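Heads up, the thing below is written out as C-alpha cells.
Chain naming follows the written order as A, B, C and D, and within any one chain the residues start at number 1.
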Amino acid sequence: MSNSRKPYQLVSREWQKSDTIININGTEVGKDILLIAGPCAVENEDQIYTITEFLKKKGIRFLRGGAYKPRTSPYSFQGLKTEGLQLLRKAADDHNMSVVSEIMSIDKIEEFDEYVDILQIGTRNMQNYPLLKAVSKIKKPVLLKRGMSSTVEEWLLAAEYIVSSGNSQVILCERGIRTFETATRNTVDIAAIPLVKQLSHLPIILDPSQGTGNRDLIEPLSLAGLAAGADGLIIEVHNQPEEALSDGEQSVYLDQFENMLPKFRQQANFRGKKLAINTNAKSTSL
Amino acid sequence: MSNSRKPYQLVSREWQKSDTIININGTEVGKDILLIAGPCAVENEDQIYTITEFLKKKGIRFLRGGAYKPRTSPYSFQGLKTEGLQLLRKAADDHNMSVVSEIMSIDKIEEFDEYVDILQIGTRNMQNYPLLKAVSKIKKPVLLKRGMSSTVEEWLLAAEYIVSSGNSQVILCERGIRTFETATRNTVDIAAIPLVKQLSHLPIILDPSQGTGNRDLIEPLSLAGLAAGADGLIIEVHNQPEEALSDGEQSVYLDQFENMLPKFRQQANFRGKKLAINTNAKSTSL
Amino acid sequence: MSNSRKPYQLVSREWQKSDTIININGTEVGKDILLIAGPCAVENEDQIYTITEFLKKKGIRFLRGGAYKPRTSPYSFQGLKTEGLQLLRKAADDHNMSVVSEIMSIDKIEEFDEYVDILQIGTRNMQNYPLLKAVSKIKKPVLLKRGMSSTVEEWLLAAEYIVSSGNSQVILCERGIRTFETATRNTVDIAAIPLVKQLSHLPIILDPSQGTGNRDLIEPLSLAGLAAGADGLIIEVHNQPEEALSDGEQSVYLDQFENMLPKFRQQANFRGKKLAINTNAKSTSL
Amino acid sequence: MSNSRKPYQLVSREWQKSDTIININGTEVGKDILLIAGPCAVENEDQIYTITEFLKKKGIRFLRGGAYKPRTSPYSFQGLKTEGLQLLRKAADDHNMSVVSEIMSIDKIEEFDEYVDILQIGTRNMQNYPLLKAVSKIKKPVLLKRGMSSTVEEWLLAAEYIVSSGNSQVILCERGIRTFETATRNTVDIAAIPLVKQLSHLPIILDPSQGTGNRDLIEPLSLAGLAAGADGLIIEVHNQPEEALSDGEQSVYLDQFENMLPKFRQQANFRGKKLAINTNAKSTSL
C-alpha cells in the first residue's frame, strides 16, 4: 500500500514517525511492555479482592474486569454494572493499581470517566461510531479492540475516528478474528501486530484469552505476541476458573499466570524492553 | 439442532408455531411481500422527492433513506442527520408512504420515534446491546440486519434481546456476510432465509444491495431471495447513482427498478403471495 | 474489473460473447436446464437400480453417483471404485441415462473415459493442476466444482487450465464456500451464479446438497439457484437416506425430489427455458 | 475434545505420548529446530548455486526449491520440472545439503524418490488422497502443508492418511489460512502450533513466507512461531527477489536472512533447544 492510497492519516506512521507513548499513572505504554490482568467479569468483592491482591504481589499495575458485559444471549450474566465498576475501583485503589474496563454505551461516559483509567471498546463496538466519538471527548486512554471481522485498515480507521475527534491516547488490541476454524474461539492474526507497527505509530497489545478461548494456549500465544512485537498483553486470570460466571475456560489459574511472568520478561528483554511491572513486589521470581 | 439446545426461546418456531405478522400502516409484513426502496442516503430535498415520487408511481409503500450513516472513514459523508429524517418524513407524508431509516445511537430514540415508521439496526450494531434494549422500549417495528460476521444463532439471539425486552415487532434482514471472496462486497447467505423460517416465526427479508455491492446483481439476487422464501426486499434506488454521495455502485437506476417489479410479482405468485404494493398506482405494468 | 486486468482469457465473456452450449447425448447444456440426480455414493446394485429406476420414471437423464469418494477420514467408506463405475454404467445403460461421477486421480482417466459421460472434478481438486490437464486430454465434458475456499477468479482460472489445454466442454458448479457459519455445511454463494454468467460464457449449475448439508434446504436453494440464473442442478437423492453410507442427512427422499420437479419447471419457464428431462416419462405431473 | 471423539488415532498424542523424532541425514527433526531455506522456484543453475552457496556458509542444511509449481494461472511460470529437481540435487550434493521440494502428482513419485530428501505436499493438495497414499509408499519424510481452508482436525486426518498407509515420517507445516483479511496473503494461525503439539506427537513447522506474502513480516512471524513452539521454519530466500519468477515480494534478501539467524537461535535457546544448523559454517555470528 502506498501512502497516497491510505484512507487514514493521523494514526499513520507517515504522519508521525516516532512511536506514540502514552503515560498512564507513571507507566509508559508503547515503551515498556504493558501487562493487564484480571477476571473476565467482576463477580463479587471476595473474588475481585482475591485476584487483585495476587496480582499486586506479582507487581501487576493494571487490573481488568468487566462490569457491563456484552453477552450473546440476553439470559447470560450481564455484569454487576455500576457496582462492578465501584468494586474494581476500590480494589485497585487499595492496591495502588489502575483499572481497565469495557464501556458499551454513550450514556455511561461520566461513570467510566469517574471509575476507570483505561476505557476499553470491545470487539462488537469497534464500529460503533457514536461510542468512538464519545470516548474521544474525555481525557482517558482508550483500548480499542479489533472487530472480530474487521480488516486492519478498518481498525485503523476506527482509531482515526477517535484521534481525529480529539483523543490521541489510543491503544490497539488484537483479539483474534472470526474464521472457519472452530478448534479455537477466534483465530489470532499474529501478523497484524508487526503490520500495525509498520502502518501506525499507535501501541498495540494482544489479548490471547479472547483470541483462543483456551487457557492452555494463553502462554504460547502470549510469547508469540511478544516475539512478534506486541507492546503488551491483556490476560484473563481467575482464582476459580471452573466457577467463573463467564469465560471460565479461557481464564488462567493464578499459579499459571505467575509461571508465565519470567518468560514474558525474557521475551521483553530479547527486544531490549522491560515489563511494566513493579519489581519491588513481594515475589522475587522476576 | 434439538429444541432443548437452542439458546433462544421467544423468537423460536417452537415457542410460536404460526408466522409473526406485523401490521405497519396497513401492510401485513410476514404475509405479503414487503418492498422497501430508496436511496442509500438522503442527500437533499430534490433528490429525495424525485426518488419518492417515482416510487410512489410504482406503488411502493416503504421509503428507505439513511440520515445517520455509519461510515468506515471519519472523512466520508456522515449523513444529514436530523434534517435527513425530516426530509424523509416530509417526502413520505406527501406521498402517503412509510419511512425506514437506520438508528445508530440510543440518544436518538425519541427523534426516530417521531420521524420513522421502521427503525433499522445496521449490521455493525447487531450486537450493540444497549441499542437493542433501547429500541425494544418503543412501539415501532425494528428491522434487524444480520451482523456481517454473525451466525444465524447469534442473529436470533440479538432478536431475542429485543423481543424479551418488550418489542415483538422484529423483522430480520439478511444482508450478506464477510468471506474471503472479494468479487462481491459481501456474500449473501441465501440459505439463511429458509433456515431462519424453520427456526423462527419472525419475518425475514433480503438486502441484495449491501449483499452484493453491484447493481447488476440486484435483480438475480432479489429473485433468488424471493424464490428461497424471503418475506420481502430492501433495495437501494437512486435517480443518479453515479453522483450518489455513498454506495452509488450498488444503487439501481429508476428504470432498472421498474423493470424488476413484474418479476418480483411473479415470484411472489409462485409462492401464493402478493406484493405489498399499491396496484392503483399509475403504472399498469403489474 | 476491466477486461484488460482479467487473468483468464478463453473462458471470458469477452473472448466469446455467446453462451457455450454443450451437447451431451442429445441434451443441450447451457440452453436447457440440466438436472443431475442420484446418490452420494454407489453402494450396491439394489440401491443404484432402485434409485435409477425412480429417476428414469421422472424423466431424469443424468445419473450421478460416487465410485471413488474423497473422504476426510481414511477410516470412512471410500467408495466401490471400479465396481461402482461399472454398476453406474450398467444402471444408466439399462435406463438410457448418462453418468456423472467424480474422478480423483490421473491414473483413472481411461477408466472414467470408458464408463462415464461427464467427469466431475470435486471441490478438493479444483486446483489439482495435473488432474485438470489430464481431463483436458479426453473428449468428455468436465463438471468443475468450485474449490471450497476459491474465489470466482481462481475458479475461472482453473477452467482456463482445462480449456487452454484442449477441452472446451467445461460446466462450472457452485457448491458453497467455507465460512464461519456452522448452521449449514457450506455457504452457498448464490451471487456467484449471475456473476459467472457475466464474466464467462461457460454454463454454471448449482449443487444445493453439498452447499447446505441439510435436506430440508435443498428445495428452496434449488429454486433460488434457478431464479438467479443457474443452468442446472445436481441433487443427491437416496431411497433410504438414513442408511446411506455417506452424506445421508443431505440426501432427499424420492418423494421429496418428485415434488420439487413442478417447481423447477416453473422457475425454468419463468426464464423462458425448459427442463432437460424426458416428458414422455411415466409421471404426468409435469 | 475428548479422546473418544477424535476421528484420528495414529497421529494423536494419546496414541503416542512422546514426540516423534525424524532423523533426516543426521538432523533430528522434532528435537532440534529445523531450518529450511531457498527460493520459491528453481530458475536456473546460477540462481540456485548462488543461493545454495550462501545458505551453506550460514550452516543451513536443508535447501528448498520448487521444480513443479502449482500456479493459479495456466499462463504463469510452471517450474523447470525434472531439470529443476536435478539442479536442486546437484547444488545440494555439492554443498552437502538435503533437498525439499513439492510433489504435485502421483506419476512423479519415483522421480521425487530419486532426487528429493523431503517430499512436500502443498496446501492445494492436502486433501488429494491418492497423492497422500502414494507418498506413504516410499520411505522418505513428508512435509504436509495445511490446506488453506482446512481445520486442524482435517489436517491431522490428512496426516492420518499417510501414517495409516505406512509412512510415519510426517512433518506438519502451518502456512496460513484464508480469511477476509487482504492486507496479508494469508492469515497465519499461530495458535495452531501449540494446539497441534497438544493433539499430536508429530513435529510442526511454520512457513512465514506463504503465510504473509510480505518479506517485511517474515522475521517477526518466524520469531512468533518459534516462541509458540514450532519445531522449525521454512523460509523463501532469493538473491534477487525483484527478479524472481514467482513470489518475489515474499522472498527475503540474503542479508535479511543472515540477520535473522542469531534471533532464531535466541528463541531456540529460550526453549532449551538448538538450531539444526552447522556451527562449523564460515559465519561465526551464531
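Please note the rule applied: contacts are C-beta pairs under 8 Å (C-beta built on N, C-alpha and C of every residue); 3 or more make two chains touch, one makes a residue touch a chain.
Predicted model, so just to flag it, every value in this text is computed and none were measured.
**Q** Any idea if chain A and chain B meet via the same residues, over half in common, or different ones?
**A** same
**Q** Find the geometric centre of each of chain A and chain B from their Cα atoms only, then give the gap between the two centres in Å, rounded to an integer.
**A** 36
**Q** Between chain B and chain D, what's the gap in Å when you average each chain's C-alpha atoms?
**A** 49
**Q** Would you mind listing the residues of chain C that make contact with two or more other chains?
**A** Residues 149, 178-180, 182.
**Q** May I ask you to sort the chain touch graph into line, ring, star, complete or other?
**A** complete
**Q** Write out the stretch or stretches of chain B touching chain C in their complex.
**A** Against chain C, the touching part of chain B is residues 1, 149, 151-153, 177, 179-184, 187-195, 198, 211-212, 214, 216-217, 220-221, 223-229, 263, 266-267, 270.
**Q** Any idea which chain D residues touch chain B in the complex?
**A** 178-180, 182
**Q** Using the touch rule from the top, collect the residues of chain B that touch chain A in their complex.
**A** 7-8, 70-75, 104-107, 124-125, 127-130, 148-149, 154, 157, 160-161, 164-165, 178
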